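The following pair of complexes shares a single chain, chain A, combined with chain B in the former and chain C in the latter.
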Partner chain A sequence: MSRILKAIILCSVALVLLVSPAYSKVDVVKIGVIYPLTGTSASTGNDYVAAYQLAADIINNVTNIDFPFAKTVGIPSLGNAKIEFVPADSQGNAEVGKAEAERLITTIKPAALMGCHHSAVTKTASQAAEQYGIPFLCPDSTSPALTERGYEYFFRSGPTDNTFIEDAFQFIADVDKAKGTKTQTVALVSEDTEFGKNILNVEKDLANKLGYKIVETITFANNSTNLSSEVLRLKQANPDVIFMAAYTSDTILFMKTFKEQRYYPRAIIGQRAGFIAPELFQTIGKDADYLFTTNVWAADLGVARPIVKTINDMYKKKTGKDLTGDYARAFTGAFVMADAINRAGSLDPEAIKKALLETNLPGKDLIVPWEGVKFDQKTHQNMYGKTIITQFSNGSYKTVWPLNLASTPVVWPVPGWDKR
Partner chain B sequence: MNPFQVLIQTIVNGLLLGSIIALVAIGIAIIRGVMDMVNFAQGEFLMLGMYASYWINVKWNLDPLVSAPITIALMFILGVIVYKVLIARVIEAPMLAQMLLTFGLSIVLVNVGLFLWGSQFKTIPNVLVKGTISIGGVMVSLNALVPALVSLLMAGAVYWFLMKTRMGRAFQATSMNKKAAALVGIDTQTVYALAFGLAAACAGLAGSVLSISYYIFPGVGSVFNLYAFVAVCLGGFGSIPGAFIGGLMIGVSDSLAGFYISAAFKYVVAFGIYLVTVIFKPKGLFGW
Partner chain C sequence: MKKYTVYILIAAALLAAIVLPRLLPKPFEKHVLILIMLYSILGSAWNILGGYTGQVSLGHAVFFGIGAYTSSIMLIKWGIVPWVGMLVGGVIATIVSIIIGLPTFKLRGFYFAIATIALGEMTRTLFLNWEWIGGAVGLELPIKRGDKLINLQFYLSKNNYYYVLLGIFLLTILAIYVIQKSKLGYYFRAVKDSHEAALASGIDTARTKLVAMGISAFITAIAGSVYAQYLLYIDPYVVFSSAISTRICLVAILGGEGRLFGPIIGSSILVILSEYSRAWLGGGGKGVDLIIYGTLIVLVAAFQPRGILGMVEMVKAKRQKAVVPNA
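Right after this comes the complex of A and B.
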């Protein structure tokens, strides 16, 4: 008798154990977000987290705006489960980033990971995710190598450095046509770390392919004391357009030296970094006027698309700051992830991976100026990411390209120092 | 610009850069010459001098050139305090202990700067001296010319002080033989404290004149430190004119190599000259 009783109890326990997961309700969808929350990039990291929290607010509550997930509560297909972005601190360090990814995966059991701003950290943290078979969506790092590794669980929604450079050349072609100028010669100026070197290689290839003559190539030391011989070389080579990849201190020094030597080409086109750092304008003021840079985002995109302004205002209310390209990309990534989980209808990593591969978001559902989000089936790189070109004017960046998003007419060629 | 103008422009740029290097190098040379120790924190003193000029400008709207005496005085006091509190404890210790102490001090100062003022780049707007003059097609930036002239004056003044004044002779005596100097009644502790204060004051002056043209951030010292050390070694450790000329040599070689060979190559040439010099003259060009 007791044996039969035991068997019945065991069977019913086994049955409960087997069946219960299928019926257990998902309350919270946890996504780990890894960013530098301490150290020199701390303020950037914390602003990223604020962007994710804003995304969670919109997804989890009914918000009266015209945006995906705004009118519903949580993830509809998972019984309106709330989404929670759990921050972890990479300290901007690749090793720490990987350790934090492992810690998140083994403790909070996230449905997916996101991050990590620095390409080097994204590289190692996504290694951990790949080992554990957890989807990793990177919205922000731009090193092309990340999506060239052939990882199964790694996706990137933001554009890569290659896209920025291709668009910069496209911008020159378009503006030449519009203004009746003819750009023939270019000079390529890059700082000497990973960032500048990658960009220089891509620029060289593209310039040669598109038939621009490279009249000067300069690689300078990051954090230089003095750039006068570099500027003198540029002045002697006299290119139509200078392409420049530099961090903040060198960008400031270059602009000061250009002015001292009273030299300005038809245009200087920067590759983000120092050219989108707020300190550039704070330190050199009006001398920054007319500088071009590739960019991900600018506040004036809200002129053409009101939803962009609405989201920016919500972010500003939360943090006191405007969105930047970084945070706008992270915010977008959060919605790409929510969309995939909603379509997967489950927290199973394989289902989420499959849903990510099937992602097809139109540009109108995004606050970034992209054509949409659709991942390449092999590399998992978003094929529809776009960049914009902005030109500095009166202390802020104005979008001048692509033309359908331009808020201000482009000033081209740029007036020299004596004509300002 | 014709090739001759370009050559002159390159040399002028090099001299302007070199005199800035010399500004930092002179401070290192004083401490090395008098106390026979290497101060790795000299670049950070420069950074503090720049921040002092910056904050005086923010609070009282004084131009860095006007506030230079205040900055110099503040830095002199700081130098004496640093000597009394830290350096005096290791002055008899092995060289390694002294080096580690000043190296540690430089790290502490950079991080205190990061903590207090953040890592943002700052510049002083609306300075008195600005603009560029053109002399026969050669562009000379006025706010780079001021540091160059000050550097020359400072090197001259420090040299005059050490060679011609009674106190300067006490400095020399202490540097040659500390015990003998003490025997004839020189208070060597005071001499050391004053030497350290003088070096810090030089950094204060350098900070004042540099802050009108350069960006200011906590790591700015390290930007100049390396070249300044090479200038000191090149000129001969402890020699004030040597440090000044060493700075100019580094500046001009940097500028010439950067223009005529390749920008990526300028460090190779500047440090190459240094290597060749120490192979043939291990004590530097003007070393004892």
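Right after this comes the complex of A and C.
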């Protein structure tokens, strides 16, 4: 064998020996986050990504706040490896979401995936994760069906539509008792995509079960240009309370049409989405007063818990906007994931899945008003997720229910247009 | 070109198409290949009506969705294998296409295109509110492991989806080739060139258009069924979206409408462009990928409306012209 050949072999052996320890040490923990970064939900998607980046900032650096992972660098059990949330664009499309999930899994080799805002996208993207055996944590989609599929690697930290709607009915019962009113009739109004239809089904079931009379059910087209006849039907049915699930532009149009036709029921209770979108208040201003919506987060939670305000201020500094229920949930999900990976002490999907199953975070470590995070061993749905009811006044949503978190007394029944 | 050169070329292309997925190990690359094949089929199907017969449809998602829904419903409700559901879906789509065609073929040119857009939107609204087939909540297909061909679901290797689609594509191409050479093919082109002249030569133009639409709808629906089996989840916004209708039409026009191999060229370019630009630039959230994608389509439409194959022919013709005076 020639001397050169020997030298080459020796060098390559040395190189392999030098390089191989680096492989066993983890430098970066990558988590793929799939959101609609272009299209009609683009601004929402990008604000989600900002929430993940804020979480990464807190985890990766020493931050002087009283919060998990703030005082340490990276993931302590993995040699202070940094966490990185790698965004991918779903375009709000189920096929694209699945393709992106698959691409992330096979290229950047993420420890886990998270996302995806739209329930339909979460459905297909988590299918890919299940197939490859990669943990998928969904902090935000609310369709109950997601955790009823019996998937092994799918977890959801946020509450489902069932919880939101059950709590909304509980709120009505509580406020009826406190104010001496009697709510008997409801109208259910939903837009026509998966989001609205799911909510409508749950609302119907619960209203019938609890003995409320449904006087009108309306399904309207997503992105409508005219809702006059829908409002007219509501006016004629004259329900005590209207339940409404709508995205931003439809919510704005509904509110404008309500005012035009001088109609307001005892209360309008929205289901997040359009009702918590900043564009709503920017467009209709004071007409948003007294609107109710189910929620998971409101800025006034920071009155009782300063850490909530601190995190919101950090987010505002980064994006110029307040957190909303959506972004607060995603931020929380990021910490649920970091906690699981830290306890797993490895990037092995099985270890992370096991750690997720053993998750038991107390409510004090969260910025959302939940009892904590602990997953049901069978469905992998967080059992301690809670929702709140917020009412709009003085330019922002204030918590009015449950009473132990309420910062502002509830206005009930809501004054009509002529009494404002 | 001599005849045997053509055969060699075809054999080489076929071999390349068969070997290609084995050379690309990453699932994302396979996903891209599957989409290319899917849109090649859809573009070819559209070509029968739009390219050869000259009736531009912007509502082909209707047939795509019918195919996807028929096989899925039959599988979920009655446990019927998707291969049977696929054929039933094709037949239903053909019947629907004839029902749609009867009134809309009275419209010419732009008006027919506009009518098909409206039909696409109507069908989506109908499916959104039809509770029996899942409505807006959509359908999740039952997962069948074991990669059996009969179930048309493959987990261990996505290659199989590609080969199924390749088979359908080859059958489609063969069918179109036969039609092209037949009397029907000449009828199609006659209708495209001049409706009045075709009528004057005794061609039943209304029937010819219906036949073209029926064949086109049948193939589109078959592709829809495979797509449902691939995605394993469908809802009206997924399979009836106007974006699918537009893309089907784009694939055929970009490659060169009315040409046998136009759609596969168009779909290769369009799918690779959209998938890879998103993969590289999509995470930034600025929509750069979509801007590039859109710009290229505009460029082709503006400078070479006859599509890529048209461009190739133009270059060829120029060369021949340049050669002649010297000789």
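One rule holds for everything that comes next: the second predicted complex is superposed on the first by the 396 of 420 C-alpha atoms of A that agree within 3 Å, B and C clash if a C-alpha of one lies under 4 Å from a C-alpha of the other, contacts with A are read in each partner's own complex, and residues count from 1 in each chain.
Here, a contact is a pair of C-beta atoms (placed from the backbone, for glycine too) under 8 Å apart; a residue touches a chain by one contact, two chains touch by 3 or more.
Because the structure is predicted, anything quoted here is derived from the model rather than measured.
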In the overlay, answer first, second, both or neither for which of chain B and chain C A:230 touches. first
Answer with first, second, both or neither: which of chain B and chain C does A:184 touch in the superposed model? neither
Check whether A:89 is in contact with chain B, with chain C, with both or with neither, and answer first, second, both or neither. second
Touching partner for A:360 - first (chain B), second (chain C), both, neither: neither
Once the structures are superposed on A, label A:46 by its partner contacts, choosing first (chain B), second (chain C), both or neither. second
Winner by number of chain A residues touched, once chain B and chain C are compared: C
Quick check for you: in the superposed arrangement, does A:208 touch first (chain B), second (chain C), both or neither? neither
May I ask you to decide whether A:192 touches chain B, chain C, both, or neither, giving the answer as first, second, both or neither? both
After lining up the shared chain so the two structures overlap, which partner does A:219 touch, if you call chain B first and chain C second: first, second, both or neither? both
The shared contact residues of chain A with chain B and chain C are 192, 219, 221
Can you list the residues on chain A that touch chain B in the complex? 40, 192, 218-221, 223-226, 228-230, 232-233, 235-236, 248-249, 252-253, 256, 259-262, 279, 282-285
Using the touch definition from the top, list the residues of chain B that touch chain A in their complex. 1, 6, 9-10, 13, 16-17, 20-21, 114, 119-123, 125, 132, 134, 139, 141, 144, 213, 215, 217, 219, 223-224, 227, 251, 254-259, 263-264, 266-267
What part of chain C is in contact with chain A in the complex they form? 26-28, 31, 125, 128-129, 135-138, 140, 155, 231-233, 235, 237-238, 275, 278-279, 282-285, 287, 289-290
Of chain A, residues touching chain C in the complex: 37-38, 42, 45-46, 49, 86-89, 91, 93-96, 98-100, 102-103, 105-107, 120, 123-124, 127, 131, 143, 145, 149, 192-194, 196-198, 201, 219, 221
